[in-house]
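Pasting in a structure now, in structure tokens, and then I'll have a few things to ask.
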Amino acid sequence: MDRSRLEAFSDGVFAVAITLLALNLVVPGPGPGHPSLVTQLAVRWPSFVAYLISFFMIGIIWVNHHVLVRSIAIVDRTLLFLNLFLLLFVVLIPFATGTVAEYLSVSRNNENTQVAMAVYAAVFLGLSIGFGAIFEWTLHGQHVYRPMPPDKHWAARRRFVGGGAVYVVAIVVALFNAIAAFVLIALVAVYYIVERTPSSPAEAESPRA
Amino acid sequence: MDRSRLEAFSDGVFAVAITLLALNLVVPGPGPGHPSLVTQLAVRWPSFVAYLISFFMIGIIWVNHHVLVRSIAIVDRTLLFLNLFLLLFVVLIPFATGTVAEYLSVSRNNENTQVAMAVYAAVFLGLSIGFGAIFEWTLHGQHVYRPMPPDKHWAARRRFVGGGAVYVVAIVVALFNAIAAFVLIALVAVYYIVERTPSSPAEAESPRA
Amino acid sequence: MDRSRLEAFSDGVFAVAITLLALNLVVPGPGPGHPSLVTQLAVRWPSFVAYLISFFMIGIIWVNHHVLVRSIAIVDRTLLFLNLFLLLFVVLIPFATGTVAEYLSVSRNNENTQVAMAVYAAVFLGLSIGFGAIFEWTLHGQHVYRPMPPDKHWAARRRFVGGGAVYVVAIVVALFNAIAAFVLIALVAVYYIVERTPSSPAEAESPRA
Amino acid sequence: MDRSRLEAFSDGVFAVAITLLALNLVVPGPGPGHPSLVTQLAVRWPSFVAYLISFFMIGIIWVNHHVLVRSIAIVDRTLLFLNLFLLLFVVLIPFATGTVAEYLSVSRNNENTQVAMAVYAAVFLGLSIGFGAIFEWTLHGQHVYRPMPPDKHWAARRRFVGGGAVYVVAIVVALFNAIAAFVLIALVAVYYIVERTPSSPAEAESPRA
């Protein structure tokens, strides 16, 4: 299996998932007794915020996925299924986004909204685990062009575990305060946009990239 | 027709189909008299199980499709239509998955659930036939880079017929016990993830891959 | 503009449109007073027939699009917009397919079904015109690698006009007998699968394909 | 990051967004008390007009995106996020198109229709800003193969600001007369199809394109 088709399939899934996000942006539209469009849009502000967060999350994952994959020299069956595991959660993002937005429109913090937010955070935790698993795979064998020196493995792993830990915290926080968890998840997205993870093995340039 | 555009189109269909699977994951959402989100999610466990199975099935088909196609030296009109026949069933997977999940939510084993499960198994049988047909095409003419020796053809065909036969069994089982057929289909997916079919002609490396 | 991105974008549209076809395959599902799933599926046979026809139509267009595009040496702005004109109708196929299937489920031949079938045929006429326009573009300037000799232009155009004329007939027939038009459209699809148009300029091999 | 994967992902988003446009083309279908299909289609003419405009708008953006991206020599993190910003609005087009079409079907010019039209124009303004931002990025550093001479920067920027200004006008006009704004937006689309912006840096040919 060559790398290019792994990228093509993954890019397709990213592109479809990011575009399907907007399917959640539906207003009831005109109808007897319906509020004005301005009111409909204003009531749905959580949909737009959740759309924004999820859109940039998928975008960030796509960027990082690319950087990680281009460092890879050998595509084996294990990698393909780790990649499928990652995509499993990418595909869940529109569902989790739509659900959390719907419940936030009704209540900022009742029990259902808290559960929806915990599910939303859990999907990002799944993504984080998927990424960590692919990263772990790159540390072994001759899988990448320029393997990371073994003495740096644990430092790199700690960073990955740290990223996942934020989502575990977000899940727990969500069960007490949905908005606080929402802000936490948004901050992670902003962090990933601003900060570039510098010492990932992906920085190693592939000779044929 | 060069192979790369066959791959690009097929990858697009795989990517869209795998992402559309998640459109079936819809909860009724908030509303007067609606159960809690936890209850809504719990009642819909068959949707999530069916999502998982179908997701990995499409993933497996994608992996195997790639391996088979990269062994191909000549793309002719016959192959294009055999490939379309295969994709015809790929595209049906979200529909079959959604239908079976919906009926499973209502009853584990009434007549409708059995029919839905039989349809679900039939779509996978169609996929299996499509794959077998493309495989058969690779055995003839100068279609692949390293043709399989003729004395191995029947052994290879038996393996393909064997795979299809499991789905025929699943269709029959479904009409008596939907859950048993569900487990059978899930086991096939697990088998394909764990086991690699070793002697397929696709293992022949294409010189330009 | 290089040809490959034209192909990538078009392939994306073809892949999404062919997969969205299956979104029309929805059964009402379980519910109080709902008929059995077998009945629901049986009543919706026109959905499945229309799905089949439209699926292979998009597949055929994709095959022919590829053959035509790979003969092209220069991608100019005119070609891009002719291609968009073609895709405009590709994207309409799921809508037209869903509409005709819905009305066929209610009546084989009332006035609404006739209109729906005429719209369905009109979308294919639009596709045919789009293809004819791109073909006409290939006859002029230095747009293709091996231009068709001018004395063959009119014979080739007649074939294209002939193809479009069948859909004009189908539109007229639809307004009297929807099923007859449906059969006519299906026969065109079968014809395109079986018969290869042999003297198209697309047969000229591109030196870098 | 190499340019090709940026193009592949963007093309995927463009292709999905342009195809999802047609999901807004839904007629109520057959049913007791429903008007005839001809009436249903006729009442929904704004859907079809909006579909046409948005379809060609996405097509134009795709063409211009390609021309701009192929002039780029270096893909950095800033460009990736500017590109995501652009795609954020591409993905919103089907939502904005569906909303404006729905309200236009009810009233040509009530308050809700005006708001919907302003939102529609605002999405195109967002696209215009995204494009301008990527263009600005190409003016700095060694980002493109043939940088535009500095003395032409302000003339080029004025053209971009001019394009965006039309959408600002359309937003304001929409709040008084929705149809007038609709015509204005349509005219911009027609202008972009007919006129090619001649002095963009994108005309610089990339040596490896």
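Letters A, B, C and D name the chains as they come in the text, with residue numbers starting at 1 for each one.
Here is the rule we use: contacts are C-beta pairs under 8 Å (C-beta built on N, C-alpha and C of every residue); 3 or more make two chains touch, one makes a residue touch a chain.
Remember, it's a predicted structure, so these values are computed and weren't measured experimentally.
K.L.:
Taking all residue numbers at the subunit A to subunit D contact, is the shared part over half or under half, that is, same or different?
P.N.:
Since fewer than half of the residue numbers are used by both chains, the interface counts as different.
K.L.:
Nearest 5 degrees is plenty: how much rotation brings the CA atoms of subunit C onto those of subunit D?
P.N.:
90
K.L.:
Quick one: subunit A and subunit B, Cα centre-to-centre, how many Å?
P.N.:
So the centre of subunit A lies 26 Å away from the centre of subunit B.
K.L.:
Calculate how many whole Å lie between the centre of subunit B and the centre of subunit D, each centre taken as the average of the chain's C-alpha atoms.
P.N.:
Taking the mean C-alpha position of each chain, the two centres sit 37 Å apart.
K.L.:
Hunt down the residues of subunit D that sit against at least two other chains at once, touch-wise.
P.N.:
8, 11-12, 15-16, 20, 23
K.L.:
Hey, which residues of subunit A end up touching subunit B in the complex?
P.N.:
For this pair, the touching residues of subunit A are 1-2, 5, 8-9, 11-13, 15-17, 20, 23, 77, 80-81, 84, 87-88, 91-92, 94-95, 98-99, 102-103, 105-107, 111-112, 115-116, 119.
K.L.:
Spell out the part of subunit B that touches subunit A in their complex, as residue ranges.
P.N.:
For this pair, the touching residues of subunit B are 7-8, 11-12, 14-16, 18-23, 25-27, 29-30, 36-38, 41, 52, 55-56, 59, 62-63, 66-67, 70, 193, 196, 209.
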